[in-house]
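Here chain A shows up in two complexes: once beside chain B, once beside chain C.
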Partner chain A sequence: MTAQALLAVAVLPFLTMLAMVLHRRENTPSLVHAACFAVSCILGLIGALAVLKGGADHVQLPVGLPWLKAHFRIDGFSGFFLVIINLGAAAASLFGMTYVRHLKHPARVAVAYPMFLAGMNMALMSDDAFSFLVSWEFMSASSWLMVLADHEEEENRKAAFTYLIMALFGTFCLLGAFGILAQAGGGYDFTSMRAAKLDGLQSSLVVLLGLLGAGSKAGLVPLHAWLPLAHPAAPSHVSALMSGVMTKVALYALARLLFDFGPTPAWWWGAIIMVLGGITAVVGILYALMQTDLKRLLAYSTVENVGVVLIGLGVALAFKGEGKTSYAALALAASLYHMLNHSVMKSLLFLGAGAVLASTGERNIEKLGGLIHRMPVTAAAFLVGAAAISALPPLNGFVSEWLILQSLFLGPKIPNWAMKFGSPVVAALLALSAALAAATFVRAFGMVFLGRARSVAAETAHEVSLSMRAVLVFLAGLCALLGIVPVTVTSQLSGVAQNLIKAQLSETIVQGWPWLAPISETRGSYSGTVLVASVVILILGTVAVIKGFGTRNIRRGPAWDCGHKEASPNFQYSASSFAQPLRRVYGATLFSAKEEVDMPMPNETRPALLTLRLIDPVWQGIYQPLANGVANLANRLNRLQTMTVRRHLLMMFLTLLLMLIVAALRRVVP
Partner chain B sequence: MTVFSILWQVLQTLICLLAAPLVTGFVRTIKARLVGRQGPSPLQPYRDLIRLLHKDLVLAENASWLFRIAPYVIFGFTWMAAALVPSFTTNLVLIPAADLITLVAFLGVARFMISLAGLDIGTSFGGLGASREMLIASLAEPAMLMSVFTLALLTGTTAPARIIDYVLAGGVGLQVSMGLTLVSLLLVAIAENGRIPIDNPATHLELTMVHEAMVLEYTGRHLALIEAAAMVRLMLYISLISCIFIPWGISQSGKGFEGILIGLVSYGAKVGTLAAFLAVFETVIAKMRVFRYADFLGGALLLSLLATLVLYVSEAV
Partner chain C sequence: MTIALQYDTAHLIGAMVLLFGFQLLYQRRIKAVLSTFALQAGALSLAAAWQAYIQNAPHLYVTAAIALVFKAFFVPFALNWLVKRLGIHRSVETALGVGPTMLIGVVLVALSIMLVLPVTQGASALTRENLALAMSVVLLGLLMMITRHNAVTQVVGFMALENGLILAAVGVKGMPLVVEMSVAFSVLVAMILFGIFFFRIRERFDSLELHYLETVRGDRL
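Up next, the complex of A and B:
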C-alpha cells in the first residue's frame, strides 16, 4: 500500500516539470490541477483503506543518506491524515482548474502546486527524520513560492519574507528534537526513536522543541504572526490548502511526536499545551473579529481552530500521563475529529472567499455586500461553512467541539490542582472562542453576502463556474454529513486513537448508532441524526399549519427601517461598526484599541473622521524587539566583512583553537 | 423506549409551544398591575399571534431567501430545544439526543439566524441589533457553559434528566456552588431573553433596543414565528431553571399516570412562580447602558467559575 502511494506521489514532480516546460501554453495550469485532482483522489483512497484495515505497511527505498536509506510507512494514523490532506487537496485542485484563469500568473502557481502536494503527502508517510524534514521543507518552500506568485505587490513580498523566517525557525526546532531522539535511540528512523530512553530534561526538551517547531507551522500563539500574512497572500485555492491542510500536517507531526515515537512527557506538559491552546483559540478569534480582509479573517480563524485542536491534544496528553488511557483516547479522537472538520470547513470557506474574489476582485468586506442575490449557490455553501465553524449543530464543527468540551469536563478527574483549576478555565476559553467565532462569521457572512452592495464590483458580481460551485456544494454537504452521522466517523477514529494510546475506546465512545455517548450513557449523549429528523418534522409541521392558517399573499415594498429612508448603502452597518461593541469590550485591553472621533462643528464643511488604532501586542512585544536585535547584531558583525587577510587567518585559528578546547573538555568531562 | 415516552414527548412538545404565550402574557399582566395599570388579559399574546398569522406578508425589496427561511429555522430550533428540557417528566424519548451543551448550541443556531436576518435588508437598525446581540451572546454563552461545567462536576453528567435524577436522589444537598450557579444562570436567562436590564421587550424606536432592532423588517406570519420563538425561549429558560434547581414533583421514569399528573401540576406552579418573580424583578430594576452589559454578564461568567472553585474547596474541607 505504501509503495502504491509513493508511486502516486512520484507523478507529482513530473507535473511540475510539465508545468515548467509548457508554461507558455494557456491551459497548462488547468491541466496540472486536473492531474493533481486525480492523484489526490488516489492518495485519499489509499489513506481511507489504511484507516479501515489498520496495521502498518513499511517500505524502504535505497535513496537518501547512505547509512539511513529512506523509510516510509503508512499506518491507521497517517492514513487518517492522508484522507484529511487529500480531501482538501482534491477539492482545491478541482476548484483551481477554473480558478487559475482568474489569476495574474497561473503558470507560477502550476509549477509549485504539485510539489506542495507531494511535500505534504511525503511528510505524512515518512518514517525517518531525514525524509520527514526533506518533505517538510519541500512543503514549506513550494508554498512559499506560491505566496510569492504575486510578488509585484510589496505586501506579498513582506509576507513571504516573514513566512520564510518562521518556516526556517520551525524546521530548526524540529531538527533539534529529532537530534536528541536520534542520539538516545541510536538512529534517525522513527523505529529506533521509539525505543529511545530519555531522562526528564531530555524529554521535556524534545516536547518543547516539537511544540515550537510544529506550533510555528500550525499557528500557535505567539508564533502565529506569519500565518495571517502568508495564507491570504497565496491564490485562494492555495490559501485553502495552507490554512485547511498544511496546518494539519504540522499538527500530525506534533501528535506523532507526543503520542507515538516521542517520549512520554509528564502530565504537566499536557496542562501547558491545553492552556496554550485555550489562549491561542481566544486570541486567534479576537484577531479574526477585527479584520476587514476576508481572507485574513479566515486565516486568523485557523489560528483559533488550531488552538481548539491543541486543547484536545493537551487534555489527551495529561490523561495519558496520569494513566487514564480511555479518557486520553477520547480527547485524542475528539481533536482528530476537529482536524478533519476544520480542514473541510476551512477549505470550503477559503474557496468561497476565492469565488467572491474571482467574481468581484475584492477581498475587503467593507466593499462587498448583497452577493446572496447574485451568487446564491456560493452564498448558501459559505453559510453552511460559517455555521459549521461557529460550532452550530447539527453541523460537524459542533460535534468535535462538543467532544472536546466533554473531555475537558473530565479534566478535574486528574488528581492535581493544575488540571482541576485549569480545565474549567480552558473550558470557559473554549466556550468564549466558540461564541466569538459565531460573531465573527455573522459579521463576515453578513457583510459579504447580505445587505446592499457597497461597491460597483459587488453590484455587478456574477456566479462562478460550474466546477467551482460543485466543489463548494460538495464540501458544504460534507460539513452536514460529518455532523449528522458522527458515530460513523467516531467509530473509525476510535480505532486510529487506539493504535496510539493503547486503550479500548470503542465501548465508551459508541453506544450503538446513532447515539454518541463519549464516556457512558449517563454522562451526556448526542445524536445529530435524531435531532435533525425531529427539527425537520417540527419545521415541516409549522409550515403545514401556517399554510393552512393564514393568507399566502406576499407584497414587496421598500424597507421600513422605522420610517427612515437610507438612500446610500453607506448608511448600513459596516464591518467596523459591527465589531465596535466587541472591540470596546475585548479589544481595549488586548489590542489597546483606541477610537478617536473628529466631529466638525456645524458650520464646517470638512468630513467627520473616525480613527481607529489597534496595536498588535505580539508584534510590538516579541517580533519587533527581536527583529531590531538581529538588525543591530548584523550591523556590528558587518565589520568582520572588511578585515585584512591577516585578521581573517587569525579568526580561523581562534575558531580551530576553540573547537579543540571543546573536544578536549568533552573527553575529560564525559 | 416505550409508547409512553413517545406520548409524553409529544405532550411536552405541545405544552412548551402552546403554554408559552400564556406565560409571556402572564408576565405582562403582572407587570402592568405592579405599575398600577389594568393591563391586557394574559391571553392577549395568543390573539396577537393569530392576528399576525392572518396578515399579508410585506417583504422589503431586497429581502433574500435567507430572510424568508430564517423565521422557520429560528422557530424550529427554539421549539426543539424547549422540547428537550424535561418539564413534568424525565421519561421522554428524545432526552438522550441532547445534553445541556447541545441545548445552548441550539439556541445559538436561532441567534445566528436572527442576526443574519437582521443584516439582510441592509438597514442601520438591523446591523445595530445584530452587533449587540452577538456581544451579549459572546458573554452569555460562556457563562452558561460554565454553569453546565459546574453542574457536570457536581452531578457527573451534562444530561438534564440525569441531573434531575441526581438532585432528587439527594446527591447534591445544600451547596454554595449550586446557589452561585443558580444566580449565574438567572443572569444569563435575563440576558438571553432580552429582558430588563439588558433589553426591553416592550421597546420600539429607541436606540437601546437589541432584539426588536433585528426583527424590525419582519411582518405577518414571519413576525408571528419570531415572536412565538421568543415566547418559547422564555418558557425554555423557566423550565430549565425549575427542572435543575427545583426538580421536586417531576415524574421520573417508572412512575405511573399519577406521577405525570403531579408533574404537570407542580410544573404549572413552578412556571407561574418564576414568571411572577421575573415580572417583579423587571419592575424594580432600570434598563442598563449597552457597555455595562459586559459587567453584568462578565459577573455571571465569574460567578459560575467561582462556583467550580468553591466546589473544590468544599470537597477539600
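Up next, the complex of A and C:
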C-alpha cells in the first residue's frame, strides 16, 4: 500500500518538469492541476483504505543517507491525515484548474504546486527523521515559492521573507527534537525513536522543541505572525491548501512527537499545551474579527482553529500522562475530528474567497457587498462554511468542538488541582472563541454577500465557472454530511486514536447509532441525524401548514429606506463599524487600539475623519527585537567575510589547533 | 643493522627536517629563507631515501629523487630567480616578532607530540615518532604562512607544510607512490601558479606585499 502511494507521489515531480518545459503553453497550468487532482484522489483513497484496514505497512527504499536509507510507512494515523490532506488537495486542484486563468502568473504556480503536494504527502508517509525533514522542507520551500508567485508586490515579498525565516526556525527546532530522540533511541528511523527511553529533561526538551517547530508552522500564538501574512499572499487555492491542509501536517508532526515517540511526557505539558491552545484560539479569532481583508481574516481564523485542536491534544496528553488512557483517546479522537472538519471548511471558505476574488478582483470586504444576488451558489456555499466554522449545529464544526468541550469537562477527573481548575477555564476560552467566531463570520458573510454593493467591481460581479462552483457545493455538502452522521466518523476516528494511545475507548463514545454520547447518556448526547431529521420535518410541516391554511395573496412593495431617499451604499453598516463594539471591549488592551475622530468645525467644508490604529503586540514585542538582533549579528559576522588573506589563514590555523586540542584532551580525559 | 639503529637514524633525519622548519621561522632575508627551505627539502629527500632502504620499498627512492630535484634545487632556484628578476625587497617582513613565533612553534611541537602519541597507540614506535615530527612540520609551515607578510615567504610556508605531509607519507608502510607523485605535482602546479601570480601582483603594485591585494577584492569594490 505504501509502495503504491509512493508511486503516485512520484508522478508529481514529473508534473513540475512538465510545467517547466511547457510554461509558455497557455493551458499547461490547468492540465497540471487536473493531473494533481487525479493523484490526490488516488492518495486519498489509499489513506482511507489504511484507516479502514488499520495496521502498518512499511517500505524501505535504497536512497538517502547510506546508513539510514529511506523509510516510509502508512499506518491508520498517517492514513487518516492522508485523507485530510488529499481531500483538501483534490478540492483545491479541481478549483485551481479554472482559477489559474484569473492569475497573473499561472505558470509560476503550476511549477511549485505539484511539489507542494508531494512534500506534504511524503512528510506524512516518512518513517525516518531524514526523509521527514526533507519532505517538510520541500513543503515549506514550494509553498514559499507560491507565496512569491506575485513577487512584484512589495507586501508579498515581505510576507514570503517572514515565512521563510519562520519555516527555517521551525525545521531547526524539529531537527533538535529528532536529534534528542535519535540519540536516546539509537537511530534516525522512527522505529527506534518509538522505542527511545528518555529521561524527564530529554522528554521535556523534545516536547518543547516539537511545540516550537510544529507550532510555528501551525500558527501557535505567539509564533503565528507570519501565517496571516503568507497564507493570503498565495493564490487562493494555494491559500486553501496552506491554511486548511499544511497546518494539519504540522499538527500531525506534533501529535507523532507527543503520542508516538518515547515515553509519555509529564501531564503538565498537556496542561501547558491546553492553555496555549486556549490563548491561541481566543487571540486568533479576535485578530480575525478586526481584519478587513477577507483572506487575512480567514488566515487568522485558522490560527483560532489550530488553537482549538491544540486544546484537544493538550487534554489528551494530560489524560495520558495521568494514566486515564480511555479519556485520552476520546480527546485525541475529538481533535482529529476537528482537524478533518477544519480542513474541509477552511478549504471551502478560502476557495469561496477565491471565487469572490476571481470575479471582483477585490479582497477588501469594505468594498464588497450584495454578492448574494450575483453569485448565489458561491454565497450559499460560503454561508454553509461560515456556519460550520462558527460551530453551529447540525454542521460539522459543532460536533468536533462539542466533543472537545466534553473532554475538557472530564478534566476534573484528573487528580490534581491545576487540571481540576484549569480545564473549566480553558473550556470557557473555547466557548468564548466559538462565540467570537460566530461574530467574525456573521460580519464576513454580511459584508461580502449581503447589503448593497460598495464598489463598481462588486456591482458587476458574475458567478464563477461550473467546476469552481461544483467544488464549493461539494465541500459544503461534505460539511453538512460530516455533521449529520458524526457517529460513523467517530467510530473510525476512535480506532485511529486508540491505536496511537494504545488504549480501549471502553466506557466511552457510542451508545448506539445515531446517538453520540462521549461520556455517558446522562451527561450529554448529540445526534446530528435526529436533529436534521426533526428540523426538516418541522420546516416541511410549517410550510405545509402555511401553504394549506394561509392566505394566497402576495403583495410586493418597496423596502423601507429609513427615510433616506436614494441612500448611498456608504450609509450601510461597514465592516469596521460592525467590529467596533468588540474592538472596544478587547482591542484596547490587546491591540492598543486607538480611535481618533477629526471632526470639522461647524462652518468647515472638509469631511470628518475617523482614524483607527491597531498595534500588533507580537510584532512589537517579539519579532522586531529578534529581527534587529539577527541583523546586528549578521553585520558583525560580515566582517569575517572581508578579512585579509593572512587573517583567513589565521582563522583556519586556530580552528585546526582548537580541534587538535579537543582531540588531545579527549584522549587524556576520556 | 639493528632495529635500534634504523629507528635512531630515521628519527635523526626527521628531527633535521623539523629543525629546518624552525630555522625558517627566524630568517631575516628572503635568500636565507629560500636556502633554508632547500636544506629542509634535502633533509626530506634523505628521510625518504632512508625509509626506502629500511622498508625495502624501492618506489620511495623515486620520492626522494623528486624531493631532491624539484624541491631542493628547482623550486628554490626558481624562486630566487623570481626575486632577482622582480627586484623585490630582500628582507622578510614579519607580522609577529621572531621570539614569540619561535615560542609558539615550540608549543605547537609539544601539542602535536601530545596528540599523536596517545592517538596512535598500537602503531609501531617508528611510525608514531615520525608522525609526531611530520605534524609539527605541518603546523610550523602553517605558522609561517600566517606570521609573514610577503607573498614569497607565504609560498615557502606552504611548501614547508607540504614537506611535512611527505614526511608523514614516507614514514607509513605501504603508502603507494601515486599519492606522493600527485602531491609533488600539485606542489609544482602551485609553484607555477604562484609564479604567474607574483608577476601579476608585481605588475600592478610594484610590490609583493599582500595588503595591496586586499583593496582590490571583488566584495570591497
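Remarks
Keep this in mind: the second predicted complex is superposed on the first by the 633 of 670 C-alpha atoms of A that agree within 3 Å, B and C clash if a C-alpha of one lies under 4 Å from a C-alpha of the other, contacts with A are read in each partner's own complex, and residues count from 1 in each chain.
What we mean here is this: a residue touches a chain if its C-beta (ideal position, glycine included) is under 8 Å from a C-beta of that chain, and two chains touch if they have at least 3 such contacts.
Because the structure is a prediction, the values reported are computed rather than measured.
When both complexes are overlaid on chain A, the residue A:656 reaches chain C alone and has no touch with chain B.
In the overlay built on the shared chain, the residue A:370 is in contact with chain B alone; chain C does not reach it.
Greater residue coverage of chain A by touch, when chain B is weighed against chain C, goes to B. Residue contacts after overlaying the shared chain place A:21 against neither chain B nor chain C.
With both structures placed on the common chain, the touch criterion links A:10 to neither chain B nor chain C. When the two complexes are overlaid on their common chain A, residue A:61 makes contact with neither chain B nor chain C. With both structures placed on the common chain, the touch criterion links A:627 to neither chain B nor chain C.
When both complexes are overlaid on chain A, the residue A:645 reaches chain C alone and has no touch with chain B.
Under the contact criterion defined above, no residue of chain A touches both chain B in one complex and chain C in the other. Listed in rising order, the residues of chain C touching chain A in the complex are 95, 108, 111-112, 114-115, 118-119, 139, 142-143, 145-146, 149, 210-211, 213-214, 217, 219-220. Looking at the complex, you find that chain A touches chain C at residues 641-642, 644-646, 649-650, 652-653, 656-657, 660-661, 663-664, 667-668. Partner chain A is touched in their complex by these residues of chain B: 13, 53-66, 72-73, 75-77, 79-80, 83, 94, 96-102, 105-106, 108-109, 111-112, 115-116, 119-128, 130-132, 134-135, 137-142, 144-146, 149, 152-153, 156-159, 162, 205, 216-217, 220-221, 225, 290-291, 293-294, 301, 305, 308-309, 312.
The residues of chain A lying in touch with chain B in their complex are 369-370, 372-373, 376, 379, 383, 387, 390-393, 398, 402, 405-406, 409, 412, 420-421, 424-425, 427-428, 431-432, 434-436, 438-439, 442-443, 445-447, 450-452, 515, 517, 521-527, 530-531, 534-535, 538-539, 542-543, 546, 549-551, 553-562, 564, 566, 569, 571-573, 577-582, 584-586.
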